[in-house]
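Here subunit A shows up in two complexes: once beside subunit B, once beside subunit C.
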Partner chain A sequence: MTAKSHDRVQVVDAERQLINWLGLGLFAFLGVVAVVPLFLIISDVYIKGIDAINSLGGLWVFLTELPPTPYDESGGIGPMLVGTLYMTALGALLGIAVGFPLGVYIGEMRKEKFANVARAGVNVLVEFPTIVVGLFVYAVMSLAKEDLNRYMLGPLSNAISSLGEWTPRFIGPLDNVISLLGEWIPWFIGPLDGFNAYAGAVALTLIMIPYVALITASAYASVEQPLREAAYATAGREFNALFVVLRKAVSRAVLTAALLGTAKIAGETAPLLFTAFGNFYYAPFTGPTGAVPLWIWYAAQTPYDVQIVSAYGAAAVLLTIILTIFIIARIRG
Partner chain B sequence: MAKIEVKDLRVSFGALPVTTGVNLSIPDRSITALMGPSGSGKSTILRVLNRLIELYPEAKVSGEVYLDGQNIFDMNVLELRRKVQMIFQIPNPIPNLSVFENVALGLKLNRLVRGRRELFERVKSALEKAQLWDEVKDRLGAPAGKLSGGQQQRLCVARALAFEPEVLLADEPTANLDPENTAKVEALFLELKKEMSIVLVTHYPPQAARISDYAAFLYKGQIVEWGPTRDVFTKPRHELTEKYVTGRLY
Partner chain C sequence: MLGFLLIVLLIPYLIAAYALLLVKLKWGLKQFGALIVAIIGLLTAMFFVEAYPIIERDGLAVFLEVRWDPVRESYGVLQALTGTILTSAVAIALAMPMALGVAVTINEILPARLRGIFGSLVDLTATMPTVIFGLWGLFVLGPFLQDAVNFVSRSLVGDDVMTSPYTLFTAGVLLAIMITPYAAAVIREGYALVPKPVEEAIYAMGATKFEAALIKLRYARNYILGGFFLALGRAMGETVAVAMVVGGNFSRFTTNIFESGITISSLIALQFPNAAAYQYMVPALFAGALLLTLFGLAINAVAIYIIQRGQI
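On to the complex of A and B.
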């Protein structure tokens, strides 16, 4: 190689490196643009939220007490937290129970015509405005409530509440357990109001189902053919091949989907507006039920400082719940 | 009498014919090699024998296949797959499962064993027959993915053997293995053929020459020549066969 061409190579290299740096710099900048708002939101919520929780009486008070009235100096989000945990847990369980098999169906049964219809439907549902889902559940609940109460829940709750007046028949702790059940079960089962936790949970379920189903379907669809054949050759029944053997292969993706879906519905506000409605008190889940996002939505727009402050505390709690689920999903997934 | 009898087997994927009238009889307690270039229909025939072909919705199958004189399309598919097990080109242990669980899973799901003791014995004997026991006996709980490629393939053999099959189908089982592990698997097959009938698909003629008793040469979906391996390799009756076994057709 002559000296001249060697120089030329160096010039080209320098040029290339400069362009490389510029390009990398641009991408890094885009990364910063994406990350900065996230950190601003998180730090803002935690700085104001932690102050708020301290000023309203500390963490335990904040997590358990009733929300502050405009004239209170302390208070919390106890009823809302319980409502959020209950509805999210119920919604996530139902969402996984329906979404996972549905995902297997639309992912594996591509020879079935209806599976394609279901896939298209799920694709639409996943982008549905969540407030419409809430409105739909509200409408169904209004229609179904009367009959449900008259023929099922009414008689059932009468039977259960009679347990509260249980005349001791057994000797020892069994009687205590039965009468305790009689006291506690009405908090969960009974005639429904137009607004109740179950309607909220169903709305959250409807949001969760397509989410879990789509991720499950794509996880199953990405299973390589040799593994699928091994599953069928080993498992015997098709059910076992799909739900036992192949599930082991995709369990991580499905677990991640379940956790992220749970995080998603834990923070949902719109679908709860017409279904759970919100409540400031500890009350049976058969009636209007509070939720943390609903309280943030309500409290942040009141004119009372103490309630606005409590909205920040509630936001910090909600963010903690969601970030915790995210971190679990990152570690396990 | 032949263990498996294939009569006028025609398979097509959609409009594309893959095999056009295959007749074949596979003797018991011996290794039958199906060899031929890519796309000649070897793997497809194999997948008909345990009806895994039914996983491909676009595949159309006609013709008859008899296992011990019984038409496999009339048999219960679960029973058929218990008797006719398969190993694949790519070692495919079930991910996220331990070595032990990989072998045990099929037995458990098909309820072939009663109790933990019997399960352990069956798994142990399958791993021993697959000549893997000595290498994994101290790490039965380790994830199967941690084994080497050759060990994973023998684990898949053990998983198949756990069913105590009568026929073992092998679809290019050494295509992804190094020469040492290939030799191990071939030695294993020579041992296993004492108890069962093995159908070996290979696109590597020397392998068929080394270990098979009977060899069939397939070309474009038809059997060009079939007979004892020695005859097929030393006195081929067909020009195509001669070209193939001497490495001039691929």
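On to the complex of A and C.
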């Protein structure tokens, strides 16, 4: 190799090194830019949110009181927090109850033609605009509400209330317990309004199902063949093989899926807009129900400072709930 | 009556499906698959039915005209359609480079210990409630973008181009931040699937890390395209955050991204609460939802097709 060509090789190498560093730097810059807003948002929410909670009367008041009207100086998100917890819990339970077997189906029965159709359906549903899901539940609800109340829920709540009248004759000393039950049952069961917590929970369920199903499916699909054969050999029945033996192998992934899905639906707003609708007071779940994201959405757009401040407080509470679930999922998963 | 039967039969259906799991597993599992397919079919059919009154009255004009005048009962959603396309275009143009950056950063640049943490941060961005993005966009990002854009435009054009903090551009930037993790997840998946021998061959040729990254990205191009379409679907359907920063300009047609506008999903979110007062507004909004659904189905079909073609 002559000295000249050796020089050229070095020049080319230096050039490539330069391009290498510049290119990698560009990729790293873009990657960092993608996560910087996360820190900006979290710090913004907590800085303004903690101030907001303190100025509105402290943490306990903020978590239990009614939201501030424009003329109030203190207030909280009590009704919304209850609504969010109730709807999220119901939605998550139903979502796991349907999403898990669905995930097993599309993960284990990949050779079936219909399983592929179902997989495509799940993939479509996970990407669906959440507001469309909310509108769908609203449409079904408005179709079904009247008949549902007339034929089922009306008679049911009548039966329950007459039960409350009759039982004291037979079990006298339990009077107080029964009447207490009689007071609480109408908060959960009764004729439904057009907007109610159960419609909200169903909308959240529809959003949760595909999350759980997809992660369950990929967990079952990644079980190694020898392990699967061993499971079938020891379990006796296919049901036991898939749901008892192999469940141990995939439980981590499924738990992570359930937690992440719960975190996701706890913060959803769009599907609740036309299903739970929102409420500023503690009210039965059979009627319009408040939710923390709905309050943030409403209060942030009002012109009143005290409500905007409470929106930031609510955002801090919501973010804390979601961060907690997320961190638990990451540590366990 | 139909809706009543639907809801009442759903509970026995689920119980029967669980019971079938114990009797004959495969049949029971199939019921859950059928349920999900039925829901999607029902959803599309439901929107057709609900939107039918306005489609019968105006035909396809409801999608092709610019009007939003509830008092005269005349509705057209073209301005919302262009708004959706413009915000999605801005969002995708900003999000795709960031998603590529995330994929390369995680797989090539970061030391193994930090990869998990960085990946978690990206996942957390996807899990964050959209309404919190909206809150941030409303009070921080919108005013900041207005200052930044006007600062640039004053030196270039000599005039302020962004007269309000809440514009299609603001919505697009906010969307870009929100959809990056979804695109990045698909691209990361494809990037990780580059076979080890191929990777070794790349380095054996004396490639630098950057050159290797480019070759691997080319190898995963199906996933990049799939991620592109999935992110596009997210951008088109996102509602709450967009509705908070897009400006809520229902009736005026604009193709200037620095003006306030509207998207289909935010039109539904902002107008639905008072829609019941008008005869044809609910069907008009359901027509918008139908459009979103059909877009969603089409985009997802393309994305799934592209990714699956890459796998085989």
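A few remarks follow.
We take it that the second predicted complex is superposed on the first by the 289 of 333 C-alpha atoms of A that agree within 3 Å, B and C clash if a C-alpha of one lies under 4 Å from a C-alpha of the other, contacts with A are read in each partner's own complex, and residues count from 1 in each chain.
Keep this in mind: a contact is a pair of C-beta atoms (placed from the backbone, for glycine too) under 8 Å apart; a residue touches a chain by one contact, two chains touch by 3 or more.
Being a predicted model, the structure only gives us computed values, none of them experimental.
In the superposition on chain A, no contact is made by A:Leu153 with either subunit B or subunit C.
Legend: residue contacts after superposition of the two complexes on their common chain; A:Gly267 is shown touching subunit C, with no touch to subunit B.
By the touch criterion defined above, A:Leu93 reaches neither subunit B nor subunit C. In the superposition on chain A, A:Arg110 makes contact with subunit B only, while subunit C stays out of contact range.
Legend: residue contacts after superposition of the two complexes on their common chain; A:Leu242 is shown touching subunit C, with no touch to subunit B.
Once the two complexes are overlaid on the shared chain, A:Leu30 sits against subunit C while remaining clear of subunit B. After overlaying the two complexes on the shared chain, residue contacts for A:Pro226 are found with subunit B alone; subunit C is out of touch.
A count of residues in subunit A touched by subunit B and by subunit C gives the higher number to C. In the superposition on chain A, A:Ile131 contacts subunit C only, with no contact to subunit B. Touched by subunit B in one complex and by subunit C in the other are residues 237 of subunit A. Residues of subunit B that touch subunit A in their complex: 47, 50, 52, 55, 57, 78, 81-82, 85-86, 88-90, 92-97, 105-106, 109-110, 156, 159-160. In the complex of the two chains, the subunit C residues touching subunit A come out as 1-4, 6-8, 14, 17-18, 21-22, 25-26, 28-30, 32-37, 39-40, 42-43, 46-47, 50, 97-106, 108-109, 118, 120-125, 127-136, 138-140, 177, 180-181, 184, 208-211, 213-214, 230, 233-234, 236-240, 244, 265, 268-269, 272, 285-286, 289, 292-293, 296-297, 299-301, 303-304. By the touch rule above, subunit A contacts subunit B in their complex via residues 110-111, 224, 226-237, 240, 244-245, 248-249, 251-252. Those residues of subunit A that touch subunit C in the complex are listed here as 16-17, 19-24, 26-35, 37-38, 40-41, 44-45, 97-98, 101-102, 104-106, 108-109, 112, 114-115, 117-118, 120-125, 127-133, 135-136, 139-145, 147-148, 151-152, 206, 209-210, 213, 237-239, 242-243, 260, 263-264, 266-270, 273-274, 293, 296-297, 300-301, 311-312, 315, 318-319, 322-323, 326, 330.
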